[in-house]
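Just so it is clear, A, B, C, D, E and F label the chains in written order, and each chain counts residues from 1 on its own.
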């Protein structure tokens, strides 16, 4: 009998974009379970708290049992091992992404040789969507409909106006 | 009768380099008018004020009617629309530039589908010239003649010595 | 009074794709006239003759006066000069494209300093569409609807079956 | 109960390298079965026949039930569907690889939206190993031990000497 | 009689990695002397002081006369000239490195045309090793053995725990 | 006493460009001797014979004793060893160059670990000059003055007219 295949999709998700959601959907059809790991990064000043970000993800995947949101700190590979995940999923949108991703994946392989990293592509309509750019556009009053989930859109406008 | 074709060339121009001037000259021969849009970026600590940067550009293009310098804040595409510009001009020097430029251009197209971005190349002698690098060299006492306009050169040395 | 601004959009167009059409439409809104220059490349074995390719382009832009299709041989900059074009338009889809395009543009600038090259982006949905790939898919019996104009689609299937 | 997850790893494998073997091993731990699809490319002049290449792969994975070698022609996504594979595995070694891979993956997604492409990295020691380069080195009498499986090494030297 | 060939290998070395050591060894076989120039960068907050970093390098190259560690501030090319060095050595690991390196090398050539920059590759096993990433892994409690020299390893763990 | 440092600068040089000459000059100031290795490539159809190419190089470096032109076949590292060269010099103009160069350099290092590859940059004015492009421009009647040495220019025009 096949063992359950669990993958981690790590990130900041500050906020969740439709590019992230697209990778989560694609990943959830490849693995038995995908755990979205929200990094508790103490250094940066996030727009949304970790709890708010977890709620956004859980909200979006309500009723879809094999996508789970969780927070983690420390080394990604330690977290993956603690969750019995054997795969790390990363979305790659562009060349510059890929360089950095490659470096991280090789380091993670050294730290934990049995955990594999796989790269997946979002739909091309999300090829230019990043959390950073979406926040910037929202702050300047631009329209972000179609770039983030509907509820995230509303919360993001509220937050940047505060 | 042809409508007047107006283009925006946006940037920080802190300070103006000869690479920028080169793109402005090239752009001014392609369009009826080119508006150099100096971004009022509240987050960063610039070396020169927006007014100083506008003066540098106006000084350089004195007598050349179809190059205009102006300051803007907010979304670039909103500013472009308010100035009846239909094109955004961006200089591309290298691959790493291009990645970022591509992402911004696709986002701007989503925000304003009728405003087109075109990319132009500076002369190859300016392929390594950036405002950041010019400032760094000036601070360390290096020779920046031939990288910035003559008057900018003088002002830049004065400023970094303050 | 403004001089008429004429641009050349050169290529093989064997066959015309919707990515090409997208660049032609965008270019035609930036310039008074865009001349699609079909290269008579004696070295390669094209799938369609130059006349067939010209017909495909003319067919697609029937009724749109400022897009003209023409064939040329020899140096692109000589052809541009003979047509009083001051700009070369190139579509850029990806990094690898851009490298080659940059090299050609710098060479063309050396050969004819007054002719400027501008780069434009197709819609992201065409970011992976090339004549070569479309031909390959058609040969293998794949569906190319939405990648080439309707009439090109029909002719391409006929041709690869011959 | 989980459905069996089958992936296709397509390529020419002319000849099989240890970089390929590395990806096959990694892939075989991610999926229930990995089918190595040897492309019958009628256009090129291969060094080894399709049957010889299939034998090399089978030889290397003897006793490892979830790696299967098979030949295919036509569209990769059609072959994948016929084998009930839901994933295409591709190894990525470098930027230039990735550009091409991205283009192919987006085209394959358009042709068959339910088949997903995932990218995996070989060990960094194989980052410069390609079939083409290995053949070139062997032809010039260089040492290819450690770049291809032992038996492939012997057969490759014999073949290039013929 | 040949003049002594002296090269500078500049960097922050905060901390020294085995990737740096690899380039130093390779450089020391190409030149009569290699001076490792530790940049006194006043802007950043380093983990180790300049003196600590110099000690790490000297410790590693004890008994190897043609590798010397020294600190410098100001323009690299001025420092190189003061040390009668005619070459700058830079390690290149990846594309993104190379872009930045190219820009710096062209600027340095402009500032001092007689000083040449040469690029060398570390062993592929160090292709993903950077000071920044090593510090991050150490901070999160990961294993950095084999990425930095033995003594650096011990000191790095001590420092990040402070 | 320091051993003589000999470097190989390999290539096809069909024909020699001023970009090549620039790298040769730069290399000749870094090493005691630079051997320009003209590859006898039996597969391709060159424009100039190996002897003609050797003559072009010798002609250009007449009187400069430490630049020598020689032809070779077989593995580059074997040729380097036979000439007691410890370094391979390669010019890098752009990203796409660099990818391929990196792969070759890693393979050469595996084949001969004691022979080091160093990368050097030509002057930025030659950043777009390649033998292939120069030939293409000459064939189409374009002006190649300033891209190749004077005598190569004359011979190239004669050859493409034959």
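Convention: a residue touches a chain if its C-beta (ideal position, glycine included) is under 8 Å from a C-beta of that chain, and two chains touch if they have at least 3 such contacts.
What you see is a predicted model; the values in this text were computed from it and never measured.
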Chains touching both subunit B and subunit D, listed by label: A, C, E, F
Required minimum of steps from subunit B to subunit E, each step between chains that touch: 1
Type of subunit C:subunit F copy interface by residue overlap (half), same or different: different
Inter-centroid spacing, subunit D versus subunit A (mean Cα positions, whole Å): 30
Whole-Å gap separating subunit A and subunit E, where each centre is the average of the chain's CA atoms: 35
Intercentroid distance (Cα basis), subunit C paired with subunit A, Å: 39
Per-residue multi-chain contacts in subunit C, two or more chains: 95-96, 99, 102, 106, 124, 127-128
Touching pairs - complete list by chain label: A-B, A-C, A-D, A-E, B-C, B-E, B-F, C-D, C-F, D-E, D-F, E-F
Touch list for subunit F against partner subunit D, complex: 74-75, 77-78, 95-96, 99-100, 102-104, 106-107, 110-111
Partner subunit D, residues of subunit C touching it in the complex: 94-96, 127-130, 133, 137, 140-143, 146-147
Of subunit A, residues touching subunit D in the complex: 2, 4-5, 26, 29-30, 32, 86-87, 92, 95, 98-99, 102, 105-106, 109, 116-121, 124
Subunit C to subunit A touching residues, read off their complex: 95, 124-125, 127-128
